[in-house]
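Each of the next two complexes has chain A plus one other chain: chain B in the first, chain C in the second.
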Partner chain A sequence: MFASKRLGKELQKLHDHVPPGIKLIKADDFQEWLMDIQVIDANPLYQGETYRLKFMFSGNYPIEAPEVVFVKDDAHPIPWHPHVYSNGIICLDLLDRQGWSPVHNVESVCVSLQSMLTSNTKKERPPGDDNFVRYNTQRPRDINFVFHDNQV
Partner chain B sequence: MKVTIKEWNAVAAWRWDMPDDDVCGICRNPYDSTCSQCKFPGDECPLLLGECNHSFHMHCIFSWLRQESSQEKCPMCRQPFKSKSQDAVESPNPAQTRTPQTNATPA
Partner chain C sequence: MLPLFHPLMQRLDSDFDIDQDDVGFESQDKDIIPAKHAYEVDFTVYSPEEIQGHQDKQIAEVSNILGQPPEATAILLRHARWNKERLIDQYMEKTDEVLERAGLGDTADAHPPRLERIPGFVCDICCEDDADLDTFAMICGHRFCVDCYKQYLQTKIKNEGEAARIRCPGDGCNRIVDSKSLDLLVSANLKDRYQELLTRTYVDDKDHLRWCPAPNCVYAVDCRIKDKDLMRIVPTVHCECSHFFCFGCSLNDHQPAPCSLVKKWLKKCEDDSETANWISANTKECPKCHSTIEKNGGCNHMTCRKCRNEFCWMCMGVWSEHGTSWYNCNRFEEKSGHEARDAQARSRQSLERYLHYYNRYANHEQSAKLDKDIFLKTEKKMTQLQNTTGMSWIEVQFLDSASQALQQCRQTLKWTYAFAYYLARNNLTEIFEDNQKDLEMAVENLSEMFEKPIDQLQGLKVEMMDKTAYCTKRRIILLDDTAQNLKEGKSLVRSLVLVTCTNQPLGQWKFNVTLP
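Moving on to the complex of A and B:
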């Protein structure tokens, strides 16, 4: 109820206008949306690539944060970033319980992720990526991230 | 000439004393409209102004402050959220005005 009304409004706005490099791909319901993002400046790490984001909303959105992951398919790789695991899970404070605020929205999350990529210069995965990707069975929202890196 | 008024109907409009085009940052509905759960705007779905000067529908900000993860901070500026208008805080207990919908499945 909460979520569907708010997402309905966001959807209307996204149909009217999206910021450059952001595209709405699929929003058939108020549970799961797909968004594409591109890094629009000349960062060589992300040139010419498009990344696909999956948003999952609980019925209590925006009081609760959405779960946001990169998804991989033939046309959409997982971007290199020291906070993005190779399975698409993103470690970003604003997506975590402690960092989320209900004034954020799908568009602002996309813009934040765009700028997180734009400013990155390292073609790296987070430390422990192999093990995390192999053994993690938790949903993103149940993972307790420790935010220790304010550099990127 | 003497005019006798037999009947008259007064019509009044009201609005909150807020900027015209502003919406509640949580539900994105206009301040003059209701939160996502109410039917009637006005006293039944009032606004709450924080000491930080950010305002929300009272039901919206209470839903947020009830979350442990909110740490009772304003969604806009992350300062501790304290209501400016004393009576709004002391009046209805937030837990009783709204039934928490945490387990509700999305429509």
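Moving on to the complex of A and C:
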């Protein structure tokens, strides 16, 4: 109820207008949405690629942060980034309990991720990506990431 | 009673002067009965009333110094994470700023928190813009509708357990929601929870205090161990509720293995659980007739119901061959380099090596649980026996002692295998394994007696009491030796990496992993 009221309004706004490089793909309910993002400027790491984001909302959204992951399919790779694991899990303080503010919304998260990619120059995965991807069984919101830099 | 270290023996007076915190601690040492063994640390257990008492006392004292009423002082102290000295320093230097930051400034007095209706307001959380929307903002000006603000606070308090330091919901705003605002916005049914959380922050904020992790336990333990010493000391403490736990990491007692090894080991077990699962399963096949055998007691001496084959649960070897020579079973014989040259064989050997230790680790864990079941059953039968033989309840207490000793020893044995897994070979490791073997043999003997039918238990009483005392003694020797070496080896332990190095210094532990 809390979430659906807010998400209804967000949806309306997204239908009216979306920032460049961001596209609403699927929003059939108030539990799970799909968004596509592209990096607009000429960063060679991300040229010509489109990334797909899955948003999952609890009934208490936006008081609680949504869970946001990159999803991989034939048309959508997982972008290279030192804070993006190869299974699509994102380590970003904005999405963490401590860093989240209920003022944020789907659009602002997309814009933040877009700019996180834009400013990146390293074709790298987070340290320990192999092990994390192999062994992690936790949902993103239950993982305690240590935020080693605040430059993202 | 087992000759164990008991927390009551070193309980301090209830008016223990916690105010003196770091400076005063040495002066309290004289009140503490010094630890008897190398593996024991000093600690004190506090009840909720005592913890409240410490808080009240600190509040009263700081209240006097600052000239602030106790309520305001409590807010200031919580805001300063109970760092009294820093609060006083900062207060003396910049009073207004300190008050302001804790939500107690002049501005707060002049403008007590209140709800307002603002024309043209749109709430950034729910996007409502009704004209009759009640709104709230702290001095930082981040304004939201009152429903959203309440929902936000409720989530923080109820779901996330926060109280003293809830931040403003505004993006990137570090303003802490002050207690007056909370009073205005938090519903009555959450106030109790809020108060409880406030009290808890005192223990949470003090490095030398920890809540007992046992479910529903209300005690906290005070232990002055420094984080940097956790590599060479394993600070097991014993709560009033009888729970033994590690002050360093709050896990169940894991002596003799240091916290960081335990963490590594548990991570490894988790990662390797699929390969290792079959080992920890509660059933195995009889090595002779292959019928399925279920382990129903703590002892490793198994007899197959079908073919009467007697074998060892751990190594599946014939029991008669090693009934008295346990060393065949506690030590993994490193295979020669010949086989190891092949990479495939090496990885198989490394898995085998791991399984060897894991098998024994899991076995003791499992047996400790089974021993407990057996005691519960025995307790029931002993009640019946009392009625028929006239033995008194006191006279059957030796079983309780034996059961407790068994569980404690198995707990220790369990962790000796995790510890040994990470040990590189040297003379110290040999001594350690001898100690381990002695304890293991004693434990298996006692465990076997323990499983005898009820009518035999009466006659075994003296022998069992001796064995119980012996097990406890062997456990103390093992823990004492290991702890002593761990303490002395402090400088080396931190930087050790290699497994294969053969010129190891004598008298110090060498691990085949890097420890922090």
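Everything below uses one rule, namely that the second predicted complex is superposed on the first by the 150 of 152 C-alpha atoms of A that agree within 3 Å, B and C clash if a C-alpha of one lies under 4 Å from a C-alpha of the other, contacts with A are read in each partner's own complex, and residues count from 1 in each chain.
Rule of thumb we're sticking to: a residue touches a chain if its C-beta (ideal position, glycine included) is under 8 Å from a C-beta of that chain, and two chains touch if they have at least 3 such contacts.
The model shown is predicted, which means the values in this text are computed figures rather than measured ones.
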Partner chain(s) touched by A:R125 [first = chain B, second = chain C, both, neither]: neither
Contacts of A:H81 with chain B and chain C, given as first, second, both or neither: neither
Counting only touches as set out at the top, which of chain B and chain C does A:E64 meet: first, second, both, neither? both
Is A:S101 contacted by the first partner chain B, the second partner chain C, both or neither? both
A:S4 contacts which: chain B (first), chain C (second), both, neither? first
Does chain C touch more residues of chain A than chain B does, or is it the other way round? B
Overlap of chain B and chain C contacts on chain A, residues 2, 5-6, 9-10, 60, 62-64, 97, 101-103
Listed in rising order, the residues of chain A that touch chain C in the complex are 2, 5-6, 9-10, 60, 62-64, 97, 101-104, 131, 135
Seen from chain C, its contact residues with chain A in the complex are 124-127, 144, 148, 151-152, 155, 159-160, 169-173, 270-271
Using the touch definition up top, name the residues of chain A that touch chain B in the complex. 1-6, 9-10, 30-31, 57-60, 62-64, 97-98, 100-103, 105
Complex contact set, residues of chain B against chain A: 25-29, 36-37, 60, 63-64, 67, 69, 71, 75-76, 78, 101-102, 104-107
